[in-house]
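First chain written, first letter: the chains are A, B, C and D, and each begins at residue 1.
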Amino acid sequence: MRITVWNENRHEKKNQVVADIYPEGIHGTIAKTLAENGFDVKTATLDEPEHGLTEDVLNETDVLFWWGHMAHHEVSDEIVNRVHKRVLEGMGLVVLHSGHFSKIFQKLMGTTCNLKWREADDRERLWVVDPSHPIAEGIGEYIELEKEEMYGEHFDIPAPDQLVFVSWFEGGEVFRSGCTYQRGNGKIFYFRPGHETYPTYHNKEIQKVLVNAAKWVSPSNRPYPTYGNAKPLEEISKK
Amino acid sequence: MRITVWNENRHEKKNQVVADIYPEGIHGTIAKTLAENGFDVKTATLDEPEHGLTEDVLNETDVLFWWGHMAHHEVSDEIVNRVHKRVLEGMGLVVLHSGHFSKIFQKLMGTTCNLKWREADDRERLWVVDPSHPIAEGIGEYIELEKEEMYGEHFDIPAPDQLVFVSWFEGGEVFRSGCTYQRGNGKIFYFRPGHETYPTYHNKEIQKVLVNAAKWVSPSNRPYPTYGNAKPLEEISKK
Amino acid sequence: MRITVWNENRHEKKNQVVADIYPEGIHGTIAKTLAENGFDVKTATLDEPEHGLTEDVLNETDVLFWWGHMAHHEVSDEIVNRVHKRVLEGMGLVVLHSGHFSKIFQKLMGTTCNLKWREADDRERLWVVDPSHPIAEGIGEYIELEKEEMYGEHFDIPAPDQLVFVSWFEGGEVFRSGCTYQRGNGKIFYFRPGHETYPTYHNKEIQKVLVNAAKWVSPSNRPYPTYGNAKPLEEISKK
Amino acid sequence: MRITVWNENRHEKKNQVVADIYPEGIHGTIAKTLAENGFDVKTATLDEPEHGLTEDVLNETDVLFWWGHMAHHEVSDEIVNRVHKRVLEGMGLVVLHSGHFSKIFQKLMGTTCNLKWREADDRERLWVVDPSHPIAEGIGEYIELEKEEMYGEHFDIPAPDQLVFVSWFEGGEVFRSGCTYQRGNGKIFYFRPGHETYPTYHNKEIQKVLVNAAKWVSPSNRPYPTYGNAKPLEEISKK
């Protein structure tokens, strides 16, 4: 399976705290985790030509990870449409944390994807609410993160096709933190944690979820459906 | 409840067959049906200023019906965004037949909304698959339409939140014909039948579904959620 | 709409704390709330003949509320089967709090309906996660209960058809607290709060949810489907 | 992955037509297909002690296939409860055709699982309505079966968690033919075709679906959740 990890890669350049936690960028840490689990992994970032997401790159990508935050508006509509088309054709997509407000996630969801947030070192506890789900494999009853940004309901998304995790936050909120969607021929997983100033993607359980998610969203192998005018398969009576 | 029935209203002007079936326009027939059931009903059409969907009109609309086909591309993006915003704020939306390819439906669904189609006088039988659903109230086991345009799977939509009707077509296809979606504060119902050259909206059972749908998508009365930065509701520990 | 509020009515007799909070029984308080909202309400309790749920009573019940806890095993299988049949025929069912472990809820869900629990005066905050849902009408962003019993995930239920509320608990847990299900011709709502030693059913917002739930689960008016051997509706070719 | 294929194995003994199509029993044909795809496969039948489903057999079964029809009532409640427990613990279950009326499927669904049926050589066409689903991998737009028993809506099941196939029948009906459910820690797939007097399980595309289904329902590896009284994870304030 060929994975491309896309990252905005701006906080890493502007904020020493982030650079210290992710010296190779958030994309670098995630890519390393996935590669260690046997996937064929590349990375791409906002400031590359075509944001690193050329037609060739996307055509050779089975699963795309997406982390963005401060520069969603700098992602060109052309590239968003290209990624959107590929997802509907079957490419898996894992949207991380602040990617909730990315153009690609909003376009796929059809809603604002708005939410409550707070940077205040909340403790977060992600409870597994669907123990049968492959994305929860190997995870205990909950994942505890000592400090994270809070995201709170209402989260303005379509009701997920499957809800895997629900977060508890110290400051009093809850959040639907692990959500699957099937759109066209593609599968999507949204996973909440991962604020840039915390070492969340170094957490072993979070990494396990990323690996599980990559497998779950991987494309099913079948031809794209035929649309448009269709001849009858049975004789139609005269009326 | 205040309803606005929106219609492209082009086939009625160009095709005598359609004009004969719907002398007051498709919108006129649907509006009459709804008014007879006690709703406060207005109509709006493509060629009016702002397509008849001014801010004032939409602000005074609880439920919007949408029929379009040949001129989806003539609907301005500004009006589509306006309708989209109103749906997410709570306005109900009933999308009819070829409205599957309208900009507003595509934007809300996040998918192509593509499908198979054929104009060949197929018999259609819409089976109720959710007998508990209010939209199926008063409907028998199925609605039979002697002649209709065929729409066939795969229908490129998100899995509906609730699937109420599945169509059988004489030529060999099936279709998810009655689909509910909840998006933001709004409720949406897609209902398949209603090709312009057939008298489908004069059918009493189809009319019953339209009335039921209007009730089902009607707004729930509560304030719009608060989004953005949020103060904690509980004390957060020092870490 | 005719409602029957069923209660085990044992804690009220054995525990003075409960008797003081609910001098007319939990059923009495809920029935009064519903009656004040214009419904035709009766009550029934475990120790009446046939637990107060005779064929006649159920046939004249549109919506049944169910509160039970310490005596689930005393409810006869015959009555459970009778209620089950009525739900599948269309009677609405609202299952409250510890009713999660009732025979009727387990039979309808097909799972253990097990959960975590704790009686420790946790603060509970029920967040609305589906603002478009009629059951959330008139409710703010959350309902806060100063003290309640904790119920925590994993809650062993089928993924709800619609998830309306998610609870936050002071002790660190979350819970899917407002869940809808459609089974056969009937609609079901499970609502978490309501431990007998707290005045939860005197809370105005909780009462509002009960009223909304009664409306939402109310039967749709249509004939029961025909099952069994069926003649073809179309001619079948010789093969 | 260890699979047990359970079959009632009665039609094969009583009806020469069935014996000619399935000389090794329906279980034998399905087991052979699965074994050829690399699974570790055993079979079990009704007339064996404990129906072949001893504690040991079930404890060593990752996925159970179930075909039954004329003798559902002969399956002992004890064994049904044992299978039910194992599914909730994580064992996958694939229920085939007339297994819709088996005690185990009814118990897991909570509904009657009733439907319309007809033995009249209907042509069946199973349309893929979820092209992203792993169970549809390698399948074209539809599977066509020249002759099959008809099953028609309304099918009295909970709305499936995911709907993969919808059938068209020559005689005018439709049916939700491929349905997934997640219950407890287990995954379930119901697949409609497979009447005993037709060679359906010799069809290569049907076999492909069985193989895909076995993979999809396979257990996720994680400990069973802890239920019952739970100590707080956070300090609870005095009130």
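The rule is simple: contacts are C-beta pairs under 8 Å (C-beta built on N, C-alpha and C of every residue); 3 or more make two chains touch, one makes a residue touch a chain.
All of these numbers come straight from a predicted model, not from anything done at the bench.
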Any idea if chain B and chain C meet via the same residues, over half in common, or different ones? same
Chain-centre distance (mean CA atoms) for chain A and chain B, in whole Å, is 30
List, in ascending order, every residue of chain A touching at least 2 other chains. 123, 125, 128, 130-131, 141, 152, 154, 159, 161-162, 170, 172-173, 182-184, 225-226, 233-234
If every chain is a node and each touching pair gets an edge, what shape is that graph: line, ring, star, complete or other? complete
Residue numbers of chain C touching chain A in their complex, please. 125, 127-131, 141, 152-155, 159, 162-163, 166-169, 172-174, 176
Please output the residues of chain A touching chain B within their complex, sorted ascending. 88, 107-112, 114-118, 120-123, 146-147, 150, 152, 154, 156, 158-159, 161, 170-173, 181-184, 225-234, 236-237, 239
Counting only contacts in the complex, chain C reaches chain B at residues 90, 123, 125, 128, 130-134, 136-141, 161-162, 170, 182-187, 220-226, 233-234
